[in-house]
Structure formats: C-alpha cells, structure tokens
C-alpha cells in the first residue's frame, strides 16, 4: 500500500478495516454503504443489531447477496450488485430516496475517499483532468447523512499523502467527515482538529503523523487496530 | 428532544398516553388528517389528558365540533395554529377562541403547506411556488420570476413532533394508509425528529410487502394501536 | 337570486348550470370539482367519456357517492363526502396530490366564485373582515389547473355585481378564469376581454351587460342557455 | 408537442416503434433506469431505428457497453447528455464520443437531478439544496444561507418526452414498479408532457388496487408491452 516497509507490514486488510468500521455502527442505525470497502462493512454487522442498510437507488433494508442463480435482477444496490430485501424492507424511487438522504434521515454514510482534509473535507468523486469517475450520489450522501465515515488507504501507491491540510482534488463536500478509517489509523474529526484514536498494531502515533499533513491531536490512550485472518470475514 | 437513534427493535408503545408522555411545552406538532379521515384520534385524546401547553399545531383545518383538536383549543393549550382552512362553520370552538384573541393563526394554501412540510423532511430549506402570487398569501414574501412567471419563496416547515395516523404498521414502523387517509400523514412523518403513529393494526416485519410500504420505517419512531378505533372527532 | 324579476325568471337552476359546465369537459380530461355547484357537474358527465375526477385530498378516479350504509369513511372527496373509487383509480397523499395540481396535470378545475374580474381574476376564499372561509386548496387549484372554470350567481342577493372590473374581495389567483358560468350567462375570457358566449333563454346581451361591470365582447351569434326540469339531473 | 389531452380510453400502443414514432429532432428526453434496472430497453432499441437527431438525454449514467443508449451515442443522435455519473469504465462508448468532442456533458449530483426532475413535474420552478455547496457543482450557481447553512439554487429540469419502464400497467396508464426498478421512472413520468412507458404486463383498469398504484395514470400517455423482455443493455 505504500513504500514504507514498516507501515506496509502493519497495514490492515480491507476486511479488517470493514470490521473496525462495523463496530462504530450503533444498534438500529440506518446506514448507506458506498462501493468497495464500505460495501464489506455489512458482512460484519450482526443481524440482531437492527441496523438497516439503505441504498440510494431505492431500498431501505437491503440484505445479503442471494445465492448464485437466485438473483432478482430488479433488486440491486447502488453498486449494481443483486441484493435481497430483509423482512421490513421498503422500496421507493429516486426522489423519495434522496429526500431521505438529504433530509438527514440516514444515520451514517460510509464512503470511500480519495483525500480528506484537516477539517474533514471529503474528495472522492474525481481526480483533476477530464474523463474519470462521476458524482453519482456521493455529494448528496456526504452532505445529507447525519454522520459520514470515510475510508481510504492512508497513502497513495507512490507514497503520496491523502490526509492533507487541504484537498487538492475536487471536493465532494466540505467539513463533513466525522470518522476516518485508513489501513493504519482511525481518526476522529473534532472541533479542535483531527484526533488520532487508534493505530495499527506495531505502529506509533509518530508513524501516523509522519504520513499525515495536518497536525494530529492525541487525547488519552491511543487504541490498537488489530488484524485478523481473512477467514474471519463472513461472506467476503 | 427525541433520541438520536430510534430504539432498537420494537417501536410499538403500550398505549396512546405512553406514546405522547414526553411531549414538552412549546412543541411544534404536525397533526395529520383531512376532513375527519386519517386523524390520530386516540393520540389527540391522550393530548387532552396531557399537561403540555404553548403548543403550535400544524394541521389542515381548525378542528370540527367539540372533540379532538377542539378540546385542546378549549383547554388553552394551543398558542398558535398553522392551517389551510380556519373558519369552517364546524370549527366554532376555534373561532370562539380566536375571536377572544387567545390564539395566533397562520393560514396558508394547502399545496404550499404540504410542500413546505415535504421540504422540511427532504432537506430542502426553501422553494418557489406560483401559488398565492398576487394574493394575501404573498404578503411579506419574496417573489421572483422564472420563465416569465412569478413565484413566491416558501420555507421548509418542520415540526418537533409529528402525530399521525395510518391503517397498518409493522413493528419496525413501516406504514400503510387506506383510501384518502394518507393526506398529510406521509409528509408529516418525515418532517419531525419524533414521529408517533396511531394505527388500526400492527403486524410483524415482512407482512407488509416492500413495494406496498407507503411510509418507510426510518420516518417512524413510535407506533401505537388506537384504543378506540370508533373515535371520530373529525379534527 | 336577485331583485330583477326578468333576470330572476330566466335564471338557471344549479342543476342547469352544472349540466352546462359538463358539456365543456372534453373526453379523457382530469377534472377537479370544488364544493357546491361544481360537485354536481359529475352527475352530468357520462362514464363512457373517460373523464377522471380528482380530489385534492388524494384520489384520482373518484366515483359516485355509495349507497347509504355502504360508505367507506376512509374514502372521501375534498368536500368531506364519501365517494367510491372507479376502476383505474389511484390514491396518494397531499404532497403528491398538490404536485399533480401545481404541476399542471389537472386539465380543468371547476371552482365556485365570489367575484370574477374583467381579466379573469378569481376571488373565492374569503370576504373582507376576519372570521369567514379559508384558503384550502383553492389557490393551488386556481393557479395550477390548465383551465379554470368558475361558477357563481351573476348577482349578489341584494343585487350587487359580482362580475367586476376589479375584484374587491381578496384574490384567490390573478387572471386564471377561462370560462365563467353564471345562472344567466356563459362568458369566456379572451385576450381582448370577457366574451359573452351564451345567455339564459329569454334574456339578451344587453340584459347581461346591465348587470356586469366590465364591457362584454360579443362575436357572432350568442347561444342560449336552457333550463331543464330538475328531474333531468341524475343522482342530484 | 403532444396532444393537449390524452387520447380517450386505451393508451396501449401496438409496439415500441409506434410508441416513439413522432419524437422530433431536438427533443429533450428523460430516460429512466439505474444500473441496468428499470431501463426501457425496447423503447431504446426503437430509438436506434428512429431518425430523430440532436437529442438531449437526461439519465443517471452514460450507458454501459455497446447496447441501448450507447447505440444512440454511436449514431451521433445525442447532442447533449445530462447525467450524474459520466465516466464509469463500462461507459466507454460515451467516453470515446466525448473525447472526440462530439457530445456535450452536464454532470450533476444524483439527488439534485432527481429533485430537479420532481420539481418540473410538481410545478416548482426552483428550490434550494445544500448538496454541492463548495464543490464544482456550485459553479455558476446562486447560493444563499438558510439558518446558517448554505444552499444552492437549482432549477426544475423538465423534458419534452419521458421514456420510462415499469413492471405493470393498466390500460389507463397506472403503473407499478418492482424492486429497485422504480428509480428515476416515477419522477420522470410527471416531468414531461408526453410520457411513454414500456412495461412487462398490461392489465385491465381495476386490476391494480388504487393504494398499490405507484404512478397515477394522469402522468402516462402511452403504454407499450416490451417486445423482448430479456433485453438488458444496462443503459
């Protein structure tokens, strides 16, 4: 994930990150999951917790992918994957769906990030220069959800920073990220600035600060992000 | 005022009194119903036995006869009424209180009220509508032309609490309406952080087909089975 | 209806007016009927014409009042009368209903009037001074329907005029009335002004002009509004 | 461009070609569908055999693969695309045409697009939304604060023609959707004076319960039974 062997050895897998994010989701929350690692968060939320997954293309109560051959191709999530509907699910069109999102009824949006700034700006829809990506529902979700969780690798493949003073890529929304989950750190955005809550096992706060442009705050004990064997992720 | 997240699992409350118990003084209440249909009669009756005062009520009309909303008027619990039709001859209790200078009134067009409430639930802070241009409804409002047609700027109208009525709910709070009893109930459900729904039947999750849900569970915090379904105050 | 014996003798009944209005409704139209005489228009539209009656409280396809004892009290029109749902009817809430009205999808609104002005202003929701009437859906219907038909007695009970240069009562909407049906005349509002199309049998254009403040235009032959025995109105 | 009133009685057209036959050059077309679900595939196929050019297409994304909407791009019939997501890797046909400078693009947030289309159908000329503040989506747009929060002024986005897909229709044009196949279809149905719906089944009026109707008949002018329901271009 980057050119620093120490960080590379400590880095969480996507499954580990998804599992950590899942622990931050309170019982009964309505949650929208973006494409990629966010989608995998659903694998780590126990059904008994009453969490309802909503997809912006019109479902509240999206359940696991059906078994091969049992897909209903009229029932997909926003990542174009077939899903099921849990008991108590509801279906609706785009206007109603984004009324729900923009109206602040979705508790948490978990979104992939390209860059995050010191004050929680999110850039996740395109890189400068034409011909890459699209806006989709990202701006509405980032603006409308009560809490935005962002996730990304902490560094670019070439070692470049992604947690920056100011995003250099076009913004998705300003000051919206509440919690950031990277492969080496869990950072919470507070009034005072980004607060380092947890670091990957084997790393120190200094290791994370070294690859983060903004000054990271520390309060009390820093927790540890642990790795688990991939087999621990059900359905992955 | 309500919890940050809905309580885990079952949203069904024991009775109407329990469902409205924590409504505070000064609350802005969105009250469903039109023409006596889709009115949460039992929740209204519970409000009559409730100490909350200085309420603002947002509802289609100023009550009918001596029951339901009219009781709250008589009790002096309502500081302000926001409605679309104030002076129907059957709203004589409201008229009496109003003429005595004991209640404030804001009367707005029905479509504008519905859309302002929808806007509140949909994260739209304001919108333009051609309704009311050149009338008393335009007084004090910004106006602007779009494609040669004037329109008024109208703001979202949220509540603190929505008190609504549906035909059926599941334990998660999904709602289904019957006939013309939906009226203001679906938009009101989405426009308050605490929504309390009186229903005629409670079923298990999954018994309402996902395509048949009229109001998704995300908008409903409390469900109560109406104690007396024959109540018909036509509030 | 007024203190002029000649006009009084010629005046149409409410049933006659409703019947005349019904003839102006084209096949397949979606029509909203206000309280009073407008409600009675439905009695004169044959079911085979495909006209759909909508009520702003959330029904498209309202049918006749059910037989006594067979009312469904969850199914009413905006006048609080029990109705039936015709095959192909649909039900919806207020936001969707007024989206339909304001969005110009209702072909014709037939509304009672208190006053109508030379340029088609409509006053129908209140008289000056507090404590009478209410706005209800009138402003939205008058503004949103593609065509507005207004109906009223031509004169006040004391003989005062109601078809005026300018309305003296608070307006419902400006310049919206397309056709006006009174008990003695049918007037169409054109770019040039109010055009007298038909007069009650036994009256002349001059009779109507005498009780109308604006100058009435005449083009070609003036038709005749006829009375029928009340028994001719089904279901009244 | 369409008739003033819908034709009396039966709105069912014989085939897709007949249903789209009178679409003129330069039409603004609202095209339903999301992620390959709820896409009017047969109507799109009929458009490929249709002479209309200089079209503006409003739809969620820039097509997938070589079929459906991509055919119209290749044929050079589309002057402008208004969408929420332009450069998915599977939208390679659009990318090619766009890079060659042969098509205009306007990319807008998905919720804003849905709400702009709803506004067009609902008689709302413009509204404010917080989505896009401080981003490229705000460029050239008015902004204003409400309660301390900035919002952008967005205008209604109507079409000349809506081409949509539903699961079932009755002969009057009432529509029912399945699963997540509603997506943009219901708002688009209301936002154009001529709405053409491809469906998988046509039933008699009354066979769809009034409470179960998702799109009322008033919004639908033409209904056509899709010739090949296995078509799946994922446009």
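Each chain carries a letter (A, B, C and D) given by its place in the written order, and its residues are counted from 1.
We take it that contacts are C-beta pairs under 8 Å (C-beta built on N, C-alpha and C of every residue); 3 or more make two chains touch, one makes a residue touch a chain.
Please read these numbers as outputs of a predicted model, since none were measured by experiment.
Counting only chains that touch, the fewest steps needed to get from chain A to chain C is 2.
Across A-D and A-B, it is A-D that has more C-beta pairs touching.
Centre-to-centre, using mean CA coordinates, chain B is 33 Å away from chain D.
Between the Cα centres of chain A and chain B there is a gap of 36 Å. Those residues of chain B in touch with two or more other chains are numbered 115, 118, 122-124, 129-130, 177-179, 211, 214.
Counting partner chains per residue, chain A shows two or more touched chains at residues 59, 91-92, 98-99, 101-102, 144. Touching pairs of chains, sorted by label, consist of A-B, A-D, B-C, B-D, C-D. Residues 34-38, 61, 83-88, 95, 98-99, 107-112, 114-115, 117-118, 129-137, 167, 177-187, 214, 232 of chain B touch chain C in their complex. Chain A makes touch with chain D in their complex at residues 55-59, 72-78, 80, 91-95, 97-99, 101-102, 126, 130-140, 143-144, 170-174.
Partner chain B is touched in their complex by these residues of chain A: 26-30, 49-50, 52, 54, 59-61, 85-92, 98-107, 144.
Every residue of chain D that touches chain C in the complex is listed here, in rising order: 5-9, 118, 120-124, 170-172, 174, 190, 204-206, 208, 210-211, 213, 216-219. Within the complex formed with chain D, the chain B residues making contact are 115, 119, 122-130, 146-147, 149, 151, 155, 176-179, 211-212, 214.
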